[in-house]
Every structure is written in C-alpha cells, then in structure tokens.
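This is the structure I have questions about; it appears just below.
For reference, chains read A, B, C, D and E in written order, and residue numbers begin at 1 within each chain.
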Amino acid sequence: MPADSTVTDERVREETLLARLMKRPELGAIAGLILVTIFFLFTANASMFTLSGIMNFLTPAAQLGILAIGASLLMIGGEFDLSIGSMVAFAGMIFGALVVNLGLPLIVAIPGTLIFAGMMGVVNGQLVIRTGLPSFIVTLAFLFILRGLSLVGLKYLTGGSTQLRGVRDAVGDDWLAPFFSGDAFTGLFAKLAEWGWIDTFKSGAPKVPGVPVEILWFIGIALFATWILLRTPAGNWIFAAGGDKNAASNSGVPVNRVKTTLFIVTACCAALVAIMTVIDAGSTDARRGFQKEFEAIIAAVIGGSLLTGGYGSAIGAFFGSIIFGMVVIGLTYTSIDQDWFQVFLGGMLLLAVIFNNVIRKRVTGER
Amino acid sequence: TDIVVVSHGQANDPFWSVVKNGVEQAAKDTGVNVEYRSPETFDMVAMSQLIDAAVNQEPDGLVVSVPDADALGPSIKRAVAAGIPVITMNAGSDVSKSLGALLHVGQDEFTAGERAGEKLKEMGGKNGLCVNQEVGNVSLDQRCAGFAKGFGGQVKVLPTTNDPADIEAKVRAALQSDTSIDTVLALGAATAGEPSVKAVKALGEGGGKINVASFDLSPGFLKDVENGDAAFAIDQQQYLQGYLPVSFLALNAKYGLIPASNVASGPNLITKDKAAQVVDLSAKGIR
Amino acid sequence: MEIETAFHHGAVAADAKPILEMRGIKKHFGNVIALAGVSFDIRPGECHCLLGDNGAGKSTFIKTMSGVHKPTEGEILFEDKPMNFSSPRDAMEAGIATVFQDLAMIPLMSVTRNFFMGREPTKGAGPFKRFDVARANEVCVEEMRNMGINLRGPDQAVGTLSGGERQTVAIARAVYFGAKVLILDEPTSALGVRQTSNVLATIDKVRKQGVGVVFISHNVRHAMAVGDRFTVLNRGKTLGTATRGEITPNELQDLMAGGQEMAQLEGSLGGTI
Amino acid sequence: MEIETAFHHGAVAADAKPILEMRGIKKHFGNVIALAGVSFDIRPGECHCLLGDNGAGKSTFIKTMSGVHKPTEGEILFEDKPMNFSSPRDAMEAGIATVFQDLAMIPLMSVTRNFFMGREPTKGAGPFKRFDVARANEVCVEEMRNMGINLRGPDQAVGTLSGGERQTVAIARAVYFGAKVLILDEPTSALGVRQTSNVLATIDKVRKQGVGVVFISHNVRHAMAVGDRFTVLNRGKTLGTATRGEITPNELQDLMAGGQEMAQLEGSLGGTI
Amino acid sequence: MPADSTVTDERVREETLLARLMKRPELGAIAGLILVTIFFLFTANASMFTLSGIMNFLTPAAQLGILAIGASLLMIGGEFDLSIGSMVAFAGMIFGALVVNLGLPLIVAIPGTLIFAGMMGVVNGQLVIRTGLPSFIVTLAFLFILRGLSLVGLKYLTGGSTQLRGVRDAVGDDWLAPFFSGDAFTGLFAKLAEWGWIDTFKSGAPKVPGVPVEILWFIGIALFATWILLRTPAGNWIFAAGGDKNAASNSGVPVNRVKTTLFIVTACCAALVAIMTVIDAGSTDARRGFQKEFEAIIAAVIGGSLLTGGYGSAIGAFFGSIIFGMVVIGLTYTSIDQDWFQVFLGGMLLLAVIFNNVIRKRVTGER
C-alpha cells in the first residue's frame, strides 16, 4: 500500500500551505522579522536599507548568529552553554598567542584554536554527563573561569596589558586570511560598481567593497545545521536527546555522545567567531564576547527554540539573530532619543515574539 | 605593612588594569604588601561591602575611588574612624576631604571630558557623538557630560554594548543617518575607540573630516592616532593613580610622611606627535 | 473461559539453550529493595510470560534485562556469555528489543522520528549520507496499518496521539527492527480489541521465527493465549515458573494476585476479570 | 463467557434526569477533527460505559466534559444549566472528578502531595492555616490500602512508583474527593487482578451512592461487569447507546472494533480477548 | 489502621537519619557551604570569621538571598524572572523619586514602591500566561525595558544625571527607616561591647554596631518561604505548577493564579532589596542590581533548585546565597590576586555543587 493512502482520512480537514509552513518552528520567526523590517522602513533613515546599511547590521548579526546557531543546537539537545561568551575571549587569546607570540601560520593556528575550544567542549560535556549536574551551573562556572583565564593569560602574554595587539601584522597576507576576515566577492562588487549597479564613492570605488565573510559563514552554518537537524540521523538524535533523555536513551540513542558533540560544536562556533573578530580587529582583549552567551540564547529563543529542549531550529536562530542585530543597530538610524535604547530593544523583542506567536496561532488554527 | 586598594573598575577593564599595574609596581618598589580589589560590575553597594571587608582587616592604609560619595561615604568614614589612613584616587576629588581622606590623586572624569570637548571644539567640531559602552556607569556618564560642556555644540550620546562589532556598526549607523556629525568621542580606547575609527574609515570619507578621539589608551588606538586616523587620546596617566597613593601610604606607614595637597594626574592629551612614544608603554599596560 | 487458541504451542524443546539467562538478580533503589534475587531465562522461539501483582518488580526486572538499570547483584548471560550492558543501546545491539511500560517516546517529535529514533534509515554515502525521510514515513505508516492503526500522517507529533495509538507505535517499532529477544511490558494495556488481537498475532508470528518473547501482562487471557511458560513475581521474588499445560488459568490468576483473598474476589466479581 | 456478576444493576429509572448532558460536541485540533458531533448523557447512580477503538475520540470527549478542552461546537448542560467550564478546576468545583488516561500526576512530587494536589486538607485558622501533612499522609496510605496497594511510605515520589501503583493513586484520589460525576479513562489498564476487582467494586459502591460514573475501557468483561449503559464511539462519531440487557458481549465487542473483520479475528484468537 | 503500619515492609532497608536528611533538596547545599567555609578557614585572613567579618559577608549574601528566594520560588513554579536585576534599579528609582522628589514619608513611599513592583509582576505574569510565550523571553524584554526606563527616569528626575542622591537626608529619621536600613539590636551590641564580649575599636565603640537589618529580613523571608512551600496548600500548588503545568491544572490547581502571584512576589523581593540598598547607600543609580537576576538564579541552582521547575527549596537558595556571598567577599580576605577572581569564583562554585552532589549520592546510596 502506498504511504499516501492515509490522506484520504475523513477526519482531516484541508490545510492551507501557509498553515503547514507556519507550523514549522523555523518559519515562525519570519513574521517577527517582517514586523521589525516594516517598523524600520517607516521610522529609520533611508540609509539603513541601502546595500551598505544592510551589510552594516548584518555583520554583527552574523557574528551573533554563528554563536546562536551553536547555542540553538545545544538547546534543542537539552543543554545550555553559558561559557560561549567567555570562550570568545579565551579562544581569541589562544589564537592571538599562537599567531603573535608563537608566530604560527593560520593553517596551524586556526585548527589549534578550534581543538583547544573543542577540548573545553569535551570538559563541559563530560562534567555535565558524569556529575549529572545541570549544564547551566557547570558552564556557568566556565563562564567565570574562562573569562578569568583570558585576563590572566593576556596579561602574561603582553607583560601587563589586557589587549594583545599585532594580529594583523602577524597574519599579514597568509593565504587563509581571506576566508576568515575582510570581504568576499570584492571583484564582483568592483564590477557592479563599474556598471553603476551599486553605489560608489566619488572615487569610483564601491561604497560596499564586498560581502563580509562572516555573513557567508553565517549563512553556510545555518544551512548546514538545518540539514543536520532535519535530514540526518544525528539531527533526530539531537531532538530526541533534548526531548526526553531517558526515553531517547531507552530507544537506543547514544545520548551522551550526542551531548558531548554538541558542546564541542558550540565551543567551536565560539572559537570561529573569536578567530574572525580577532583577525578583523587585529587585536583581542579580555572583554571580548561579554554577555554573548546571553544574546545567543535570546536569538535562539526568538527563533522559536524551547529552553526546555527538544524543540527548535537553526533557521529560527538565524532569523532570531537578524532580528536582534537589526533592533540593536536599527535604533541608531531612527530619530528616537538614544537614551531609550534599552526600552526600545526590550519592546521590539517582545513585540516580535508576540507577533510571531499570534500569527502562527491564527494561521494554524491552534488555540 | 598592608595596604588595600578598592576601586570601582573591574580588573579586566583596560583602564583599570593599568591602575592595578601601578599599584603592583608601587608595592614592589616600596616593599609593602598590597591587595587590589574591585566589584565585578559598576556596583556601589558591592563596593561599599568590599571597603568594609578591607577595614575589617585593619590595613595600614586604604586607597579608594569614590564615584558615589553617598553610597561609599559611610564605609570610608568607618575606615577613618578605625584609624586607617585613606587616600582617594581617580574619582571623588570634591568629596575627598570631607570624607576624611588624606588627599586625592587623580583627575575628575568631568574635567577630563571638558578638556577633551574644548580641544575637539578647537579642531572645528560642531556636532559631536559620545560613544558610551556602559551607560549608567556614573564615571562614564560624567565623561560624556563633561564633553558636552566643553564642546559647546550639539552632543548626542550613543549607548552601545561592549562588543566591538556592535559598536562599529552602531557608530556607522549614527554617522550614516546624521551626516552632520563631525566629532566622535569614545569613552574607552580598546572597546569603543578602535571600532569607532574603523567605522569612520569604512564610510570611506574618514581622515580629516570626522575627528575621532577617545578616553584612555590602547596600543591599537594609539597607532590610529599615529597614522592620523584618530585625533588624540585622553590620558589620565592612571598608572600614577595606582602608584602614587600606595607609595604615599607606604611612606606614611614608615615615616609618617604625606604630601599636603591633592595630586592631579591628568588630563594629558596624546596627539599624533606623542603617540609613537606611548605605544610601547601602552602595550605593556603602563599607559 | 475458553483458553484454547488457534496458536501453535509447545514446539520449543524444553531443553533448548536459553538465549538470555538472568541469575539471582537483585536491584535496590536507595533504601528500596525492588528485586530480591530473581532468576529467569528465555529460549528461542518461546513466549515467556512474566506475571505478577502491581509493584511486584516486573518492569524493574525487564529494565535490568534491557540495559536501563544495572543490577545491584546478579549475573546476566546472553548466549552463554556474561554480559554487562552499560546502556540500552548495547542491549539493543546485542539483539534485545524492548517495549517499555512508559513507551520511551518523545511527545514533541513526529511519529516517524519516534519510530526510527536511534536507528534511522539512511540513503546516500559518505558525507552525503542522510536520513531517508520518505522511506521512513512509508515504513512507519505501513507498519502502523498492519497493527490496525491508520495514521493521519507520519508527521503528527506523538504527544497528540491517543493512548492506544502511542502504544502501537512503540510495539510496531520494536517488532520492525527484529531482534533475538523481544521484551513487551504490558503492551496491550491501552489497546482496543482489534489492536490487541493484532499484537497477540504478532507475538505468535515472531516466536515462530525463533525470537524469544518476554511478555508482561495482567490479563490472564492474553497470557494464556500466547504464553509457553509463565513466571510469577511477587514482592521482588519469583514464585516459580510453570509450563503451558501444567497450570490452569485459575491457578495462574491466584498466583498473580499474590494468592490473596482470591476466593472472595472471585465471588464478588463472578469471574469477570 | 460469564457476564452475570454479583453487582446490582438496573436500579436507575430510565427516565431519571441526567446530571450531565453533552449535545453535539465537536472538537477540532488544528486541521484534525477529533470529535464530529457526539451526544451523551449521564444519570445519577448509573455507570455509563464509553467504548471504542483506539483513537476513536473517547479521551478527547471526556476531556471536554471535565473542562480540559473547550468544545469547538456543542453544548454542555450540567444539572440542566448550560455550562462553560473554563478550567478543570471549575468542573471539579461543579462536582466532576476525573481520572485521566495520562493520570495527571507530577512525577517529582510525593504520593501524598499528588493525592491532595489542588485540594489540600488544612488545619489551623487565619494566617496560620496550613497543610495538614500528617492527616494527608494517613488518608493517602489508607485509601491506597483500600485499593489493594501497600505504599512503602507516603513521601515516595510518584515518579518511582510502578505503573499500576501510579494508576491506583489517581483512582483513589478521584474517588476520595467524591463528586456527582466520576469519570474514569481506562482506569484498569495497568492494574493487577486484585486491584482491578477493587476498582470495579468501588465503581459499584459509588454508583450506589447516586454518583454518575463514566467508565472507559477496552475490556468488554470489565465494561459488562459494571456498566448500565454502553455508548460506542467510532472515528469521532457515536454508534449509538445500548442499555444493559439489550446487547450481548459479542455484539459489544464487534461494535468496539468498528464492526470490522471481527469474524476473522475471533477465529484466529478463539475468543481470548 | 495507623499510617505507620507501612514501615513494616520487608522490601525497605533501614535508612540512616543522615541519608533521610540529605535527600531533602534544602539540605544538599549545606555540604557545599561547609566546603567553602573550610577553604576560607585555611586561606583567609582570620578577620573573615570574626563577628564583623561574618556580618560583612552576610550582608551582600542577604541582599542577594532575598532576590534568590523569590527567584527560587518562581523557578520551582516553573518560570523565570530575568527582570529582577533591572527591577532593583527601577524600584530604586521609583522609591528615590517618591522620597526625594515628592518628599513622601516612608509609610507611603515603601508601599507605593512595592505596589509599583507588584504591578510589574502582574504584567509579567499576565503576558506569560496570555501569550503562552516562555517567561524567559518575556521577562528578558523587561530586563531591557526596566533598565532603560531607570536610565531615562533618573535623567528626568535629576535633570541629566544617572545618579539620584540625597535619599539619606530625605529619609532623615523617619520612624520606619530602622526597619529597612542600618543595624538592629544596636543597644544589645553596645552592651556586649561594654562587657567586652565583642571586639571594639579603640574608641570603645563596638566593631559591629549591630546586625544589619537585611540579614534579619533574609532569615525571616527564608523561613517564611520554606513554611509556605512545605506546609501550606499554596506550596503544594507551586511545586505542582512547576512540575507539570497540564497535570496540575487537570488536577484542579489554579496554575495561572499561582504563577502570577509568584511573579508579584519576585518583583516585590526585588523592590524590597532596592528600598533597603537605596536607604542604606543614600543614593541610587541606573546600574543598580546589574546582573542580579543572574546571581539570584545561580544561588537558587547552587541551592538545588531545578531550572526546569518543580523541584527546589527556599532554604537551598538561602545556603546558595551564603555560598555565593562568601566566595565573592571572601577573596578580599585572602591574598589571591584580583585578576584570578573570576577563575576562583567559577572554580569554587563548581567545586561546591559537585561536592554537594557527591555527598548526597554517597549518603543516600543513589547512583
């Protein structure tokens, strides 16, 4: 019997395509994104939605988003990692030390940094699994520990300063650098500018020299994570591990392996962001990534992930990060008094998630 | 001899890490035993508790910064009452005497902001942006307020998070949406100053047209000053704010010597010509 | 009561080697003694019923069998080798499939995802190996239909299924993946008439294929319908094992109730249970 | 099959006023039609059995009865007044006690706390009014014993109870608090022989006190043992209501399986279900 | 039949009193407290455990603890309130405005502030219940909104500053002030000093003038919350609401009412801390209470509350706060470098919770 014979059930009403789409957690956040976009279209300076304006708010959104996608996978798998913000500072320091103090090329320094971060992920994961303590408290301890070690390490490396400089000089024109910093498609954009398709300065150089590479990473990681979640056995295990640890383990899901892997992935996402920002800025300091763990969780939750695990999506975190990035940067384009920044940020976040919710319920007929 | 230093800035704050380095150097030079303590965020309630904790140990001297005399006053008075010599530093020059402190080393945030504002006005600025990465931290707010006073023209405060990428994007956004802004003052060199310079450069019209200045020093920002991408950095020589009070108190404990008046450690504008000399010291956490 | 069924019984040689043997299993939870030394074995091609009052320790016992609990004391021999399952996945890989009393399903996940949880079919190779969702959906709908449940759609969340539908998913899953030992903890408790007969027929079918089935039930009729041997637990101890034919349903019922007050109960209910 | 029991039946006047009447209840979940217009009533002192295949909509129906779901369409009359329960608490206060199929228990909480959840006994007055833990423990242990379960201690977490023990807590709780209508959704599914007969006896007892009982079961024998009327649901619709004596167990069984293939099933299992 | 006839079950082994006690969530945190105390006994200056030293670390512990107890009740009830830190600043501003700008006496200003806070609690609660959104995201929005409003409000009230001063003068010697600030039992302590039972300064004044009132509030609230949780129907409802919302509601627990009340209680705890610290400090600023929501949750989790709800205790939060307060202040009494503070804090937290856990498992025989 073919599988589709089930649809001839008299107990199922017809459902619109829209309703079917809105049921997916990954698409819920689109409504909020549209709302926020419309808001800014009306209130913000026109330059916000020029090409350079869009790149401008997408860059921080992308950096946050890479963290948020890692965090959302981990959240779906039923755990938290509060140490990712500190991991950005710590991995940045490690990377700086490898590149500046040891003078290693990127081909060694980047994997080295990722391995270091991955090892921290293993430590987090093993502690959570072995002790049975909530990951909240275990990774919280590492939030403090890694942040503190970054400070101590930087002072040691620099002989007293909290900023390690000279990364740009040290990286120089390493052939790997363009994959982790600067803009991609610069040739294309120069051509587009030549043809007059995009804005240029008087000099003829395009106003936007290219697409910042973090945006490409962001999109790539979002797609990859979505594929993993929805189209691989590993994705099924992540949902299962987060949905009910015992039930999953009783059904044969290697829950501990899944969770440890997720901790590693999250830590590596943080390290990746660290590498990109450190090369970009040419320096690193002890305050990098401050409170990013928090923002990453916010973005994941806006994107529809449940804090209790077992439900969510990477695409949701993708949209959530863009919403967050847009709101944070967007206010500056409006004429609203900047003192109201936090009120505005909170208000917009609340509006966006409520709107998501209302739209979803309306469309799918839930109550 | 034991001396305790309690400041309101965190150990990982680039500005305060320099103060701490000064404290440590002084301890080494004078051979006293020094503890440096600070709350984990700008938190006056927690800071007063740290002062109380220090007083309990009855040190031979206490160095405190006083950004809020109301909140910290009782604790400092308790120290004075317990017979502990107190020197205030960085913030609190106006209340130092009335709280019973021996003297004050440092410079008022407001005055420093005012000096910066005057200088930027001199450079032709009319429309300013004050990039504040920690709104609500009173000493940073005072820098902005001082800037506004000295600058005279229009000043907009831009509250940001602590993240360089956010700051760069927000400064760019501010400059894009209000093209009349010709002056940017950042309140911290590494966190806000460097991204501000990058934001201005990314607009492609940087260099001469928009002046960027910043409080405090960071090697990166000093390089920008040297290259002419930034106008100047405002240096309080905060190393002195750590070094001097400790050595004064050490001398006081040993010989009963103490200067008779306050010491002004700044402000000191680091412009293009001086930047090169300072970079190395800054990279070591001395300036 | 009629207990003669259409099923074929007694084909298993009484001296066939057990696939799985449990010896003197004890299990303590903190200060609670759930199992006080239980021995049990299961031979290929037989259906061994595990019976007993509520709280007798049946579920705890089969959970040690399937790797969920580590026994506090005692030995597990699987195909004559001492075994020490450290997780249900190990037991599963050795060939033990279990339907737990709490079903081990994730309410927020779809029927298909639950069905294949831990053992997803894949297509493609190398880095492109992926969950074959289309085939999984098809198999799942088909297997459920065989059990007498027409799913609305394979992507319905398990949390929105009815009690019986949910139980059927768990059973269909365990049966589908085949095994050497199939453990069913009260599989028919929430099932309708039709679904129950399907499950009993399924037990009979897999037994014929040489699988050893451990079947827990409170329903004497169900047990009698398919059981070859009957072990009764009482308060964490075994009251002994009987072979089909050696024992009447009434005796079994007596044993299951702990031998207590059965006469009185029988009287008041007129043998309706 | 013997279905004559020791219980007393048929004392309820067929024309007695219903306590609770449900008229044309429809319930949609998103695009799923769970109930497509079901009418039902329950009179004081009767046991009205609700039967049907898995997924027929029985649980959904009694959930609208007890205030968990709001019906998409249809009317609920309680003692002749239209009722609109906005929460189970409202229904409970009106006098409807329910044992849900999922039992509505909190695994992390103790047996006593679960037993009295929402209706804690208090002692003291005014600001010193407090949860009377000692009495609660006593009542709880006592009521469980009456159902045939000896608790180890009233502070054991419900999550560590066996399936049947847990179900018994839910039943004992509903019965203890008394009501005008008692709804039991497959109360005996996980129960042992002794506990089942206790529950059936309890149903009989409360019925005699004038309570209307709604009893859901897949077990024809249990239904026949205590039921006065039988309503069969099938795919969200009712197949009609029969009175005790009007219908034979075999006819009932046929109806419950949706009238489908019953002959064949009967054959293969020899009436063992 | 008497209830105790159940203990004659042959299937129950004897259990030590210690094991029975350690099973309670409220007592788990004691092990951690003992560990931390021992650590400081060895490493810290002796003055840490003098009377004045103890009062010194108990004061911040008490302020945190009042928040943590509120937060733990709410967590047990299955929700979060991330806005309590901002609420401290906001309520502080409201209180400052009432006292300084409007010149109202405490008998009006304190209830006024509490009512204000309570109203915010109602808003939080209603939003969570009506929208069905996770409380994490709703209260997060208020974290930003309240913090932002405090800034705007303070600037408005003071004409541009973010610091409102003069509360001490305005409160003056209001008869209610001693209940919310300063020290209690000063007479007693003076006597004790006179008799030489406690340390004095050279001046003869006792080193410890009395017990800071917040400590008394802290103890009182902890006891009261424990009583509510364990000995009243409301306590049972809180556990039920957090354990499983649907099951609780199906069993007749008024879940929505319980949750709203808990949001109000949490907000009022924050307001109470705000009132006490503002009177004590004599001033308030826009950064008061920064990250306190986080610390409160940490303290509750150290104390054994589960983030997922339904399990925990007020006494646990009590001990958790003391552990946290002790670690934070304790460093001052040691000669450990401040740079290592965060490493130290994280390490101690991790040690304390792991130790709690190990001890509990060892004693109760769980695995």
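Rule of thumb we're sticking to: a contact is a pair of C-beta atoms (placed from the backbone, for glycine too) under 8 Å apart; a residue touches a chain by one contact, two chains touch by 3 or more.
Because the structure is predicted, anything quoted here is derived from the model rather than measured.
Following the contact convention of this document, E is the list of chains adjacent to both chain A and chain B. Least step count on the touch graph, chain C to chain E: 1.
Distances between chain centres, each the mean of the C-alpha atoms, put C farthest from chain E.
Centre-to-centre separation of chain B and chain E, using mean CA positions: 33 Å. Centre-to-centre spacing of chain A and chain C amounts to 44 Å, using the average Cα coordinate of each chain.
Once the centre of each chain is set as its mean CA position, chain A and chain D turn out to be 49 Å apart. Measuring from the averaged C-alpha position of chain B to that of chain D gives a distance of 72 Å.
Looking at chain B, one finds that residues 11, 135 touch two or more other chains. For chain A, residues that reach two or more other chains under the stated contact definition are 11-12, 147, 151, 155, 339, 341-342.
Shown for chain C are the residues that touch two or more other chains, namely 29, 32, 102, 152.
Pairwise chain contacts present here: A-B, A-C, A-D, A-E, B-E, C-D, C-E, D-E [touch as defined]. For chain E in complex with chain A, the residues that touch the partner chain are 127, 131-134, 136-138, 140-149, 151-152, 155, 297-298, 301-302, 306-308, 339-347, 349-350, 353-354, 357.
In the complex of the two chains, the chain A residues touching chain B come out as 44-45, 47-48, 52-53, 56-57, 59-60, 63, 147, 150-151, 155, 158-163, 165, 201, 203, 205, 207, 277, 281-283, 285-292, 325, 328-330, 332-334, 338-339, 341-342. Residues 28-34, 36, 70, 235-236 of chain C touch chain E in their complex. Put simply, chain D touches chain C in their complex at residues 1-6, 29, 32, 52-56, 58-60, 101-102, 148-149, 152, 156, 160-165, 168, 186, 189-197, 200-201, 218-222, 224-225, 253, 256-258, 260-262, 265, 267-273.
Across the interface of their complex, chain E is touched by residues 4, 11, 20, 33, 35-38, 40-46, 48-50, 52-54, 56-58, 68, 70-71, 73, 81-83, 135-138, 141, 145 of chain B.
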